[in-house]
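The structure appears right after this line, and notes come after that.
By written order: A, B and C. Residues from 1 in each chain.
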Amino acid sequence: MIYSLCFALILIGLYGVLSQRNTMKIVIGLLVMEYGIHLFLVLIGYRAQGVAPIVEHGTDQAAWVQQSVDPLPQALVLTSIVIGLGVLALMVSLSIRLYERYGTFDISKMKRLKG
Amino acid sequence: MPEVVVALILLMIVASLVAIETPNLLYSVVSVGAVGFLLSIVFLFLAAPDLAITQIAVEVITLVLLLRATAGARHEPASDNRSFFSATVAVAMVVVLAIFSVRMFAEFPEFGQPVIDRFADAPSNTYLRDGLEKTGAANIVTAVLLDFRAYDTLGEATVLFCAVLGAQTILRKKARKQPDEADEEVES
Amino acid sequence: MNQPRSSEGMSLIVKTVCGWLKGFILLYGIHIILYGHLTPGGGFAGGAVAASAFVLVMLAEGEQTGLKTFSRKAASTWRSAGALLFLGIAGLGLVLTGTFFANFWTGNESGGFGSSIQACELGIGMLVCSSLYLVIVTAVPAIKKQERPVKGEAP
């Protein structure tokens, strides 16, 4: 059931990308999709009553291995979060240039092509 | 404890619906910030402290960027007589995906039983068991990122580098002439 | 009332409090970067937190003071230096052991300071901090110029 809720978040972001006309709203839809995907990856790696995958001093190693959550999806999502910000910067720069060129954020009004 | 996570995800869904549907861009940006902060709390409940730290810091910078980007045009109504056809197509596509996903999630394992529980030879079991002695790092996520999967980190660093390079190129001063000057240049 | 600082940026209260906070945030970010192999965090998380310290300075004190603290050229240099450090450690692994990205300096695990993983984290932390700061510094001042045509004044 949790997976379906997370997928609903991804679908809401997809709906935002497909149906909105304001470029900033499209960017926001992509952002919501990103959150949903990151959440989904981390949910897959979760173990019931799990602890963080960090070895602490003086804990029983064998018991901790049975108890910790999966570290691999966390590693993938960690880099993805920071790269999401870099890609957001690219999208926002494009939005700003479009706004300067056409005077609006509305994509249905951007009809002037050169040449 | 999954109940808390379910409640937080429901809150995130409500906030994201507000973010997409509201016509005012300021409310939209603030709602998307709320989704990001709730996601950081969910990461804490899912035993992922590095992700929570990263998500909070990145969310703050995202909000600064989005707020300044929409500063000039917040009074513009964001969604105005949008065409009925495109809205219907969007909703239809989302509904189709949702119907297929019901069948897909019926085959999923239960929440709380990851791959490492079911298969003893999954790579993550090796990372957890031998991570400390093979790499010397107590934080297994860092050990995975910088020793077991270091090539992926190299790729990600390259992507970040190129994304910022692209943003700098798009917004450099030479490229931003007025539209009339640009048209005159093309014609001459 | 006499304002001892420039009039750019936010009010005096905000400037004072941010002046106290920026050092702590930057120190916290550097700690997360350097001890990423022992406590949660690492290069990506610590780089994001350290970048937010510089963004705080730019927002509270205004653009000019923010750029004097950490200029665009300095940010570009740190970015390239971080990427080169990361690649350098990987190449050093190639030179010393014969495998690219070999973990040649394991360090000691009990509160250990000094391992090739930590040097890689430092490189990535420098890269991420300067990249995220550059992103804000490129996009945010660029936007101010577009606010005027919207407000009804003829360009």
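Quick note on the criterion: a contact is a pair of C-beta atoms (placed from the backbone, for glycine too) under 8 Å apart; a residue touches a chain by one contact, two chains touch by 3 or more.
The structure displayed is predicted, hence computed values, not measured ones.
**Student:** Can you name the chain that lies farthest from subunit A, using the mean of each chain's Cα atoms as its centre?
**Tutor:** Checked the centroid distances; the maximum from subunit A is C.
**Student:** Looking only at C-beta pairs that count as contacts, which pair of chains has more of them, B-C or A-C?
**Tutor:** Between the chain pairs B-C and A-C, B-C carries more contacts.
**Student:** Using mean CA coordinates as chain centres, what's the gap between subunit A and subunit B in Å?
**Tutor:** Distance between chain centres: 1 Å.
**Student:** Approximately how many whole Å separate the CA-defined centres of subunit A and subunit C?
**Tutor:** Centres of subunit A and subunit C (C-alpha means) sit 22 Å apart.
**Student:** Residues of subunit C that touch two or more other chains: which are they?
**Tutor:** In subunit C, residues 39-40, 42, 44-45, 48, 128, 131-132, 135, 138-139, 142-143, 146 touch at least two other chains, as defined above.
**Student:** Where in subunit A do residues touch at least two different other chains?
**Tutor:** 52, 54, 78-79, 81-82, 85-86, 89, 92-93, 96, 99-100
**Student:** Could you pull out the residues of subunit B that touch at least 2 other chains?
**Tutor:** 49-50, 54, 58, 61, 65, 69, 72-73, 132, 138-139, 141, 143, 145, 153, 160, 163-164, 167, 171
**Student:** Please output the residues of subunit C touching subunit A within their complex, sorted ascending.
**Tutor:** The touching residues are 39-40, 42, 44-45, 47-48, 110, 128, 131-132, 135, 138-139, 142-143, 146, 149.
**Student:** Taking the complex as given, what residues does subunit C use to touch subunit B?
**Tutor:** Contact set of subunit C toward subunit B: 32, 36-42, 44-45, 48-49, 51-52, 55, 59, 79, 83, 86-87, 90, 101, 103, 106-109, 112, 115, 117, 120-121, 124, 127-128, 131-132, 134-136, 138-140, 142-143, 146-147, 150.
**Student:** Spell out the residues on subunit A that touch subunit B in their complex, using ranges where they run on.
**Tutor:** 1-9, 11-16, 18-22, 24-25, 27-29, 31-32, 35, 38-39, 42-56, 61, 65, 68-72, 74-90, 92-97, 99-101, 104-106, 114-115
**Student:** Which of the residues in subunit B come into contact with subunit C in the complex?
**Tutor:** That would be residues 49-50, 53-54, 57-58, 60-61, 64-65, 68-69, 71-73, 132, 134-139, 141-143, 145-147, 150-151, 153-154, 157, 160-161, 163-164, 167-168, 171 of subunit B.
**Student:** If you look only at subunit A, which of its residues touch subunit C in the complex?
**Tutor:** 52, 54, 57, 78-79, 81-82, 85-86, 89, 92-93, 96, 99-100, 103
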